[in-house]
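What follows are several structures.
The two complexes that follow have chain A in common; it is paired with chain B in the first and with chain C in the second.
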Partner chain A sequence: MNVQAYLTPRTAEEALEQLGRYGGEARLIAGGTDLMIWLKRKKYTPRVLIDITGIDQFRRLEFTGESLVIGAALTHAEVALDGGIRSLVPVLAEACASVGSPQIRNIATVVGNVVSAQPAADAAVALVALGAGTEILSRDGRRTLPVEELYAGVGRSIIDSTREIVSRIVVKAPGPGSGSAFMRIAPRQALALPVINVAVVISTAGGLITGARIAIGPVADRPFRPEGAEKFLAGVPVGDPGAFAEAAGMAGRESSPRDSLLRGSADYRRHLVKVLVRRALEEAAGRVDACKEGMPQ
Partner chain B sequence: MQTKHSAVGRDADFIDAAEKVTGRARYLDDLSFPGMLHGKILRSPYPHARIKGIDISRAASLAGVKAVITSADCPGIRFGLDNPDVYMLAVDKVRYAGDEVAAVAAVSEEAAEEALSLIDVEYEPLPAVYHPAEAMVPGAPLVHEDKPGNIAKIYEIVRGNVDEDFASCDCVFEEEFGTSLVQPCYLEPFGVIADWEPNGRLTIWTGIQSAFHARAEIAKALGIDPSSVTVKVPYIGGGFGGKIWIRNFHPIAAVLARKTGRPVKIVLSREEEFIASRARVAAGIKLKLGMMRDGTMVCKEAEIIADNGAYSWAAPKILLNMSMRTDCLYRFRSSRTVSRLVYTNHVPTSGFRGYGNAQMHFALESMVDICARKMGLDPVEVRLKNAVRSGDTTLHGWKLRSCGLSECIDKAAAAIKEGRLPGEEAGGRIRRGVGVACMTHVSGNRGGDNFDGSSAMVRFQEDGRLLVYSGESDMGQGARTVFAQIAAEALGIPLSDVIVMPVDTDVSPFGYGSYSSRVTTVGGKAVLLAARQVRDQLLKLAGKLMNESPDRLEIRDGVIFDRLDPGRRMTVAEACRAGIRTRQAAELTAYVTYDPPTEGTDSDYYGDYSSAYNYGAHGVEVEVDTETGQVRVLRVAAAHDVGFAINPKGVRGQISGGVAQGTGWALCENLVLKEGVLQNPSLSSYILMTIKDMPSIKPIIVETDDPVGPYGAKGVGEPTLIPVPPAIANAIEDAVGVRLRDLPFTPEKIFRAVNPQLKEAGK
Partner chain C sequence: MKTGQVLNFTLNGEQVEVLVDPAETLVNVIRKKLLLTGTKRGCEEGECGACTVLLDGKPVNSCLVPAMKAHGKAVVTIEGISASGELHPIQQAFIEAGAVQCGFCTPGVVLSAKSLLDRVTLPSEEEIKTELSGHLCRCTGYVQFVDAVRLAARKLGRFHDRSGGDGGAGRSVV
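For the complex of A and B:
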């Protein structure tokens, strides 16, 4: 490790100015739970680290009329424990609570979970199911992109952390009649990467599903959405176990898990996709009424 | 018991607990010396390769590097135990991915690490062997050229007329079992500091379980006299058998220290702990059991083929335990075991909690359930019917001076039946079941006609506080506390007045070390005898000072008093002050060497070789998700015959630890090798359980008052792990009706066993 300076900007503008000043030799750090390992392994060799966790606007968790806004410095623990998120988007609270251990959740940020671009990052899988968007700041200005579009490959994000900042995540509020759930299977109850994880968000009206989004990891080079299963679910009655099993089967067939000596055979893991998608759909359907109240103000 | 004793038989916090939890206790890596260098070892990436050349010139010229060594710098001595088969740095070829090739000493860890990347080794990869069965095939590549057929050890042990007995049995069953490669995963990585003293002697600091064996083995590797070596043992952060024996890095550090004239520290990284530590011997076990219709077990035959890995260390002794000990669990009439230990290009294996005995318990205790079920008998009843009992001489000549096996089986089986959850839930998707398995082990191991005792020195200081010296290490199991309790009890002084000294082979009395679950039984007995001698000395002195006959005096709570006139008294501290370094010239010191009254074994391994034999039984309740194959161990009722619990709190701690390690072995721990290269060399990919995976545990302490051990005590360290995997296997069969014969029981294996019709599950 050859880090010579550790900067603690107070504003996003200051952070961008510092990134510019070091022209590619500075890299952002938030929780650092992934980055520190990469620095030791020399995946990156920045001269300067810029710690964005002291930037006030990145510390905000806001519910606007129609959206939930998660600042770049918010940790998994903060999101998992927030009462509003737990009642409104349980899928995200559950996913954040599944990451690592209490020590890791207390320091690792949700935005970091997205930018690290691992296909089975729990929070990111939930955010893809939620159709969440991101705000990206650079010296060229501000742009927005869905979480789903930030992936360039396993462990590769289109975000260049020597140049730009994902300042926040914006989740459009699931309306009344929506339900969500997150499930994972891992070799132990904590501190384990998932063998399979699944996030499901459904919208309903009049007892019928009007829209479904499903995200699955790690079965592709990014959180994977089985579009056939999602389409199939539109118009299906909320409490139809046969339809859920059918959709889960489709999701399994659409997924492409690999054989893994540590995680299990592709075949078995595809079976687990089916099991978890079905269970998550059932769980999400059971929560439809509970989410009726909508956004806390 | 509570009223009879003042210090033993009572829950005691470990006397070093506060030091440890506040971070004040000094482990090896906390030690540093002026001028100390950091050593690192270059390891082979190939499982089997010829070394065609090593160029150290780039590494040697790096700033901060003080020495780079290869085998050319080391004594050309092969060392080890039964099979001395290893050089400290590889000569000519490497035999596993992790084998030591070269070493560096530098002013910082970073410089040493960088230097490793600058050593140029030219390898010529060789064909390798990854499975013992392949390795035994004629013409297979040889791991060691002087070991034909790759055979490291063969045993054939026969008792009685097994063929005749099988012919007379109502039922004969045959099954095969397999155990996996696992690492002890102690918290503190193993390491050493080596320093040559100005007088030419070598001082070694290392957190090792057996300091005196280390002294002998390090001397052997370096070709010097053991008496020229001092081994000092700082606090040890866990060992579990993995730190009984030295590793190559011990003599390597000594060579680096000699070359540089400075102290050299080597501490393994966690990755090195996985790729190059000594794993549990993995074995394939064929078992044949002969029984009568009423459930009587008559005879047993076993064929074992075990993976030794690239170097032997203690594996031959482990194979011997695997071959024999379970025959002393039941009243077998005859047995025959043929076992082979086979070299492969895998990580070397050696001791790990259970020392071979655990592997065969998995096979036999699974087998008992399989056979009982096939015969329509209750497996618990079958165990009780055949259990050895106090007074028995077992098939291999063990004399059971105390044995609580039946009581343990009864209590564990009853406890696990209480408070059960429903057998099915979620429409049959969740199924639950219970299983029982039992165990035997030793408290010491004479091995032939060797010494199997321990020694202790006990010495009063002038303020009445007592120093206790033993050669046995405390690796975290609570030996210091047990020694302090025994000394406090014997002398009638408060526990807080006893100080147990660290092990230092120049100062401590001789002891073999912490293995074979022997420390409390043998080491504790030596402390007890020494404390009693000092008590006699103290009473003689006090008699003189009080003008009273010593046999009228007693000691309680640190006060010496006249039994018939308790008003006449003086404190132990007053007696010590008056006696030590005064014209009284009182010694108040005893050095006792104790050897237990056992025979040892003959050339056919027959005989009574342990001070005491330990027995136990576990009941386990599991829950299986039939849709995913996931298993949760819900509860464990663990009954152990410990003779007498000197520190019941310590016994309960051992039980929790053994259950955790045994459950991990059964369900998730596994070294996954692909063509000899470890695929999961980290704590994120080698799955140790966390607290969230732990079952609830009901510890049941059974006391049988062993006639030899101190206050009737026997060992409990290893026994707590041994019955766990077969008890889980038995509970899984009870839950879902499938029998798992190969460790570990991964969810995918269970899923496939439960859903055999789903050949291609994902379709």
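For the complex of A and C:
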């Protein structure tokens, strides 16, 4: 059945009311860069599309206290170009700048990158490394869940876009003494899915790493965190090349990439995990120093 | 029976009202309903950039954008960048730099170039490559694209500059 109406609610309440009215036959659309292809392939056959990008409160990008809030309508280009995000959360700016092409980034939303639930979605990989949370609205109320708990499998989110809305992403901005970086290897520099991508966020105090989060894609059915490598890094001196290589080796052993005609052999991709994790740790550590020496006056 | 929905938008500076299928893509509405065929249908899944148009000044793949997303907004296609049959300086630059071969990707590339040059007066090679990274040219005329955008920047500098200098670098955007 063809889509019979394209609705453009002005508030979240109106969008929820519309979802309720069509009882599962309406589906949310944000940027639509994935959804339009899925509609063509009949993965979904909604009667109604509800476009949430005109909802004012979803257009907000703000730093509130220690948190960065990214509304559901914000595009990868908007996040990648934001000065505050570029200086405070470079891992997210770099990941958003890696998605698709300028034309895709101008319309595809960061929340959509999460809800599409692809294991190597660049922005989502960065958000998992950042430990970002989401706010989810439905007719039953509001709940919050970490980005990494929204995955149900490859391309499958626990979010039901015929019933609920991820209204925003909340990132606890890494404070002073932290550093982050995003790296990817792909067949070409643009419009290419990553063979491997890696996001790293480290916190430090007194020259020692106090906490590290690493997210890697696509080596599992969702962005993968090598917990052994993360634990190993706690207490390690910032910028200790031996320790970084050791942690990268652990991350490689913890990952289980598959042989892929498209992406390369499992052995090669495991090797890339080691290389990218080490480089990302070094880059993130370098940024800690940059922070210590002072932000722009 | 098909259901139609009224789409109102500005197309190349003119107000347009058209009845569309609610999930129809912008490229199909532009080509089939409004008969502007300068916008090309290539891969139809956002990989090639041939269908690029400017939506409120920003390049998007019109094959992935539901036409209803343009409601109340402004769309510019290749037909809209020049008036009364004269070539836009960017188009002229593409010809002079030999940046047009089979021509299928050209309308989209010219629009991405326009979007860049509207923001950045004298873009660096890196900025040009990044801005054009969403376009595939199977004739592989990529080097000429960069030459053409640089030439266009100089032409536009002479065109717009009323202060006598050559403009200087504009605000740098990734």
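Simple rule for what comes next: the second predicted complex is superposed on the first by the 289 of 297 C-alpha atoms of A that agree within 3 Å, B and C clash if a C-alpha of one lies under 4 Å from a C-alpha of the other, contacts with A are read in each partner's own complex, and residues count from 1 in each chain.
As a working rule, contacts are C-beta pairs under 8 Å (C-beta built on N, C-alpha and C of every residue); 3 or more make two chains touch, one makes a residue touch a chain.
Because the structure is a prediction, the values reported are computed rather than measured.
When the two complexes are overlaid on their common chain A, residue A:Val69 makes contact with neither chain B nor chain C. Using the contact criterion defined above for the overlaid structures, shared-chain residue A:Val3 touches chain C, although it does not reach chain B. Once the two complexes are overlaid on the shared chain, A:Ala80 sits against chain C while remaining clear of chain B.
After overlaying the two complexes on the shared chain, residue contacts for A:Leu262 are found with chain B alone; chain C is out of touch. Contact with chain C, but none with chain B, is seen for A:Ile107 once the two complexes are overlaid on the shared chain.
Touch criterion met: A:Leu191 reaches chain B and chain C at once. Looking at the shared chain after the overlay, A:Ala97 reaches chain C, while chain B stays out of its contact range.
When the shared chain is aligned, chain C comes close enough to touch A:Gly32, but chain B does not. In the three-chain superposition model, chain A touches both chain B and chain C at residues 101, 189-191. Across the interface of their complex, chain C is touched by residues 2-6, 8, 29, 32-33, 36-37, 39-40, 48-49, 51, 53, 77, 80-81, 97, 100-104, 106-107, 189-191 of chain A.
Per the touch definition, chain B reaches chain A in the complex via residues 627-628, 630, 668, 672, 674, 679-680, 684-685, 687-690, 692-693, 746-748, 751-752, 758, 760-763.
Touching chain B in their complex are the following residues of chain A: 101, 185, 187-193, 195, 252-253, 261-262, 264-275. Those residues of chain C whose C-beta lies close enough to touch chain A in the complex are 2-3, 5, 21-23, 25, 44-47, 49, 52, 55, 58-61, 63-66, 68-69, 71, 112, 130-131, 133-136, 173-174.
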